[in-house]
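Chain naming follows the written order as A, B, C and D, and within any one chain the residues start at number 1.
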Amino acid sequence: MTDTYKDSTAPNATPEEREFEFRSHIGSIWTGGRLAIGVATFMYASLAFAYFYLRSSNNSHLWRIPGQLAPLYYGWTILICMLVMAGLGMYGHSRLRKGFTNDFQVAGWTGVAAGLIALFFQIWELVVLPFYPGSSGYASTFVAFVVMNIMTIVFATYWLETAVARSLRLRKELGGTRPELSSAHTARSFRANVSSMSYYLGYVGIISIGFFLMFYVQ
Amino acid sequence: MNNEPRHMRRIVTAWVIASVIGDLLWWFLVGPHIPPGNMTESAHWNQFDFNVLAVTAIPVVFMVWLWMGYALVNWRDKPGVPDPVGGEAAKAPYRVQAAWISITSIVVIAAAIYGTVALIGDHGSGGGEGPNPVWAPEGAVAANTAAIQGKATWSPAGHQPLVVQVIAQQWKFTYRYPAFGGMETSRLILPVGTDVVFDVTSLDVIHDFWAYQLSVKADANPGVNNVAFADTHQTGQFMVRCDELCGIWHGAMYNSGRILSKTAFMAWATKTEAQNASNTKYLPPFAWTYTPDANGASGGLYPDGNVTPYSPYDTYGAKQPAS
Amino acid sequence: MTMSGRLGAVLGLFVIAVGLIIWVLMGLLTPGTPEGVVNYVGSSAPGQPVNLTLQTVGTIGFGDHPTWVSYLARTPQGEWVHDTTWQLPADTLINVTIYQYDSGGPLRNQEFGQVTGTVGNYETVNGKTIRAFNSYSGAGVGHTFTVPALGINVPLIANSASTLCGFAPCHVSSAHQLIHFSFKTPARTGEYHWQCFIPCGLGYLYGNGGPMSTQGFMGGFLDVVSQ
Amino acid sequence: MTISAERPTETAAGTAAPAGPRRVSWTNRPGWMSQHLGTALVLAFLGYLLGHWWGNHIAGNYHYINGASGQNSVADFLALLLMVVGWLVGIGALNYPIAKLFGREAVEEAPAKGMSRYFRYTLDHKVVGMQYVVGTLLFLFTGGLLAMAIRTELLNPTVHIFNPGTYIEIVSEHGTIMMMMATSVVVGPLGNYLVPLMIGSRRMAFPRIEAFSFWIFSAGYMVIFSALFYGGFPTGWTGYAPLQNQAGPGMISYLFGFAVIGMGMIAAGFNIAVTIINYRAPGMTWSRVPMFVWSILATASLLTLATPVLFSAGLFGILDHVVLTSLYVNEHGGSSYLWENLFWFFGHPEVYIMALPGFGIVAEIVPVFTRKPLFAYKVAAAGMMGVALLSFFVWQHHLFQSGINPDMRPLFMLTTELISIPTGFIYLVGMGSLYKSKMRLEIPMLFSLALYFNFLIGGITGVFLSDVPVNVTVHGSFFVLSHFHYTIMGGLIFAFMAGLYYWLPKMTGYMMNKKLGLWHFWTMFIFFNMTFFPMFIIGLLGQPRRVFEYAHGLQGLNDFSSISAFCLGASFLLFFWNLMYSMIINPKKAPANPWDSLGLEWQTANPVPLYNFERIPVIVTEPYRYSEPGAPAYADFGGGGSDGGSSGAVGSSVEE
């Protein structure tokens, strides 16, 4: 999600200026990652608000038709895939910090695969819903949740994928130096990006558990 | 070398004089004419409240205006004017900041406390209080409960609250009088000297029942009972408008109502009840949703009932694919 | 470019831009809604009753919204037009004839089942006098003709035929209810809003979108002018 | 579509890239064979057609979607969605995100030369700023024209120019376009252009997100404008459900338009907030940040955090239309209150999104023209942040009469009135700065003083509105309408004008004509007050908002207001003429620092070089040290060293 670092191309930047701008850049990745979590939090908070508001007002006694429940197997599959993606992203990050780029790459690709599986089931779930969208407040918020979750999965998978792809290409660009060890700005920037990403993935993991409990547990 | 005029003294003097004059003028000349007037208890107190805020605001406005005007006249860049003080000498004095912050805080919190007292003391000030009003005139809630259960009564003797259901629909208000056989009329007629309970509801989108001179304003929400109170003081005509954008004819959604003496009201109500009897018998009992509603036969947008098991064809009525 | 050249270019572009914007805005603001006014003033001698003939049809069958329900008016010249603003003389008796071709159902608010504001507070449906109509009986009510500011409300009893005319203007040979009533226009001139109070905009929430929310279909003005 | 990214050419040591021929990306390539406004328009149009066809293909047979109404919401929505996607693809906004999938990084290249960079996905914050100037002015003039139409209709209480449906359409479009414009009117043009200059940075933190914010903003204009093709929407800018659910396809333009604009707001706020936090020049501690930057920081945080709620609310509304969920429909388990809560939870912070930048501009301008240090700098900063924080806790004051949580009204009355304390800080700062000053009444200063004049009326009437008993009478009436025009137009737009007159010499290199500026100021100030002050009285006398018919007795006041409004419109023509005259027809070169400002933005060369500063400045002292003999210069341009220059950036403490 962030622009991975490029040196300022100001033609006459001094080394000190480069270092200064580089530090600002690393700070931006840090701040940006946290702010992205803030944005997502407010989005999910409005969904949670809708959920609890409709649930407590129970208008026309139609918060939820008795027995109405989203397909549970799909829910579990999506939850587990998302947790796998989040866990592998964070695990990959910790391995990367210890110097094991290959572990990061394997974990990353697996995580991306998990994300894609989650995405597939999340979309397909709409086709097998046992209720129609306007049948109750629960059904409506569930459809809204699915749409929001699709956006989240797409975004998280995208971030993870770009990080892994970047690590592959970076190794070539650095002439064989491993990105986890290189002190090149691009490599350090890459690592900061992975760090922000792993925070975000952790957040996605928590969110997915919370909303699973709200929507799939009766 | 102190021929510098005493700016602060000048400004403060002018400000005090202007504020006192302004406040007095407002209180005695403008204040009594401020809407919504004196037709109900709430109208009276809301007018009073407006004037209290106005006499608080006038000194504030005058302070800023006088200050700016004074600065514009005296502290302009003209040839020969010495440079303003900079540096340490221009640091904002701490006591000025502290005084400003304390005074604004006190004024603001006092206004909030006063507003709360006025709101609670005046039974919600004529505003919509939701289905379970917390600040109600004596006996009004009991009367309303009785009306909802179909046991409303009203007579000119005594101090019985009158319950009126305000039904908003696109694009007209109608009024039901549970105490008079549940008759429904197009015009809002009320008795004087009575606590009136308005049960405001809507049959479709959000409207807002605004009885201007009564100082009553309550959103009409579909399926929700929004209760507001008015204690009528004077007879006369008043205006009812829709105050929430409700679609194309929102601007035409108004009519006038009237407050009559208790006996005249009773006469009107009895007569109208008899006149409308042939139609009243078809009306449902006191309710918040009439049928057909949003699901209803002719206007419905959503599929009727609940289609299970789910099938996009059943649900949305698409043509079945050829099998 | 010289200064006058730049001046000319800016002014020229400005004029073109303003023209374009106004043309686009004006063109877009009024699509597909009939704007015409049917003039009944002078269709009879001053002080004499004026005849106003209308029809209501379930699907209008032409225009931008062929599936929408609509009122139509017959001009004094006898032509059916899709306009809902009618110019009437002030302080004059209006004899209204409505051919009601549409089906119906129960009223959402039975209040509108009562005939008010007409001369004698009644209407005649196929010759039968009605003062209040139980909309839960028979085929219910199809539409109403209501002028809130004048206190006029006339329920138009539904057509119970199994096949309905679906393309306006309907011929009188199609099944219909024939409704007569009279009312007096006010002495004070102005535009008085009238509308139907049956939620008959099918496919819209509460039935009040679409034709109910577009002038020219189920609502308009009585433009009362001095004669 | 071709990917613009290319393999970076850095060496492992991370030193400067070696010179050499570089491929130029499609967004920067000269000539027609590239990505620019034209390709964006073409692809947007194609996307629109494709979406319409697609929607009709998949949902054309669904009875409940298009049976009786004859309208296919799926097609209407997909058309708009693909229009926006086509627009973004065409302009090149997606090149980089796609390149990233392959692990590539874009090289930051100098933008295309000449005028064409203004029609491209250009990453230079100064170009984006200028694009925003044109974009917001387009919004402003469109909304203004609609306002003229509204006032024309209100000339007579019962004789109508427009039919009521058209009138509601005009009112709704006016409100929505103006609100969308006002969220970005300062943050977009001035924020993007000036923030890096004022914090001594060579760049924005995320230039692509910044460019994205502009192009999605302009896509939002197309979407909201498209409502006119569909017969508009009847709900006003607040879009209350369930009227929203009842409305036709124009409503989808409204909902999707707000969602799209919301994305732009999030993107713009996100980038600017991160930039301010991280890219401040060495030595620029939080107590040395210019007041304008403070205000933009407060605004950017509100944009980033409040707008997602709007986005969700819009998404829910779209779902209600397109797949027939019932989130806002009581009869199906939804709630119309839900929209009111979500909308105003965003809506009230949004009000301050529209007020804070104005405060920032005047706080920036006043010291320059009074030749005095800003009075009580810390109070001003605290005021901005205090307003921003409190604005999240007041939203229910829009719903005092709605029946939602009526027993909470005292609390919201309190929080609402508390917000006037930090707002009062702004007045303390402004009025204190005038004390014994040496005022120069240049045009920007006049507009700034006008803000204090107008906003005072707007703010004080806000206290009236927040008082529940008084609110019973004034809620939803012209009183409210006048109140928020006094704060938004009298505050923000006046400040925007102040900012334009003040900074255009920096942004374009040409001075605005002072004589025309005086005419513009005085007509705008006088006719603004003549237009909107009577509306307080009109509202008190019982005229609700958004009506096309009103009491006969109010015709005099309404006509007065209408005629003043036409004159106010004419004063905007004067502004437009001044802009054209001073910038194009008869440009007069501006001095390097025409107002003798100490601000950092005036210290760099004019026109501003691509990388803003020859050397990254080191901030050595507080801003606004006017009239102080022997005061050090605000910034030191000599060394460019970064040692000891902790700008508060998270910097090296960050785990990599």
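Observations, loosely collected:
By definition in this document, a contact is a pair of C-beta atoms (placed from the backbone, for glycine too) under 8 Å apart; a residue touches a chain by one contact, two chains touch by 3 or more.
Here the structure is a predicted model, which is why all the values come from computation and not from measurement.
Farthest from chain A, judged by the mean position of CA atoms in each chain, is C. Interface comparison, A-B versus A-D: the higher number of contacting C-beta pairs is recorded for A-D. Averaging C-alpha coordinates per chain places the centre of chain A 46 Å away from that of chain B. With centres set at the average Cα position, the gap from chain A to chain D is 29 Å. Averaged C-alpha coordinates give centres for chain A and chain C that are 55 Å from one another.
Once the centre of each chain is set as its mean CA position, chain B and chain C turn out to be 34 Å apart.
For chain C, residues touching at least two other chains, in rising order: 193, 201-206, 208, 213-215. The multi-chain contact residues of chain B, meaning those touching 2 or more other chains, are 204-205, 223, 247-249, 252, 293-294, 301-303, 315. Listed for chain D are residues 64, 67, 164-165, 234, 242, 245-246, 324, 326, 329-332, 337, 549, each touching two or more other chains.
The complete set of chain-chain contacts reads A-B, A-D, B-C, B-D, C-D.
Against chain B, the residues of chain D that register as touching in their complex are 59, 61-65, 67, 164-165, 167-168, 234-236, 238, 240-243, 245-246, 324, 326, 329-332, 336-337, 370-373, 375-377, 379, 400-407, 409-410, 413-414, 417-418, 420-421, 424-425, 427-428, 431-432, 434-441, 449, 452-453, 456-457, 460, 463-464, 466-473, 475-477, 540-542, 544-551, 625-629, 631.
The touching residues of chain C, counted against chain D in their complex, run 3, 6-7, 10, 14, 21-22, 25, 28-33, 35, 65-68, 190-191, 193, 201-206, 208-210, 213-216, 221. The touching residues of chain A, counted against chain B in their complex, run 59-60, 65, 128-132, 134-135.
Taken in their complex, chain B has these residues touching chain D: 7, 34-36, 42, 45-46, 49-50, 53, 57, 60-61, 64-65, 67-68, 71-72, 75-77, 81, 83-87, 90-92, 96-97, 100-101, 104-105, 108-109, 111-112, 115-116, 118-120, 122, 124-131, 133-134, 204-206, 208, 210, 212, 215-219, 221-224, 226, 239, 241-252, 254, 289, 293-295, 301-303, 312, 315-319.
Only residues 2-4, 6-14, 16-17, 19-21, 23-32, 35-36, 38-40, 42-43, 45-47, 49-50, 53-54, 57-60, 62-64, 132-141, 143-144, 147-148, 158, 161-162, 164-170, 173-175, 177, 182-186, 188, 191-192, 195 of chain A touch chain D when the two sit together in their complex.
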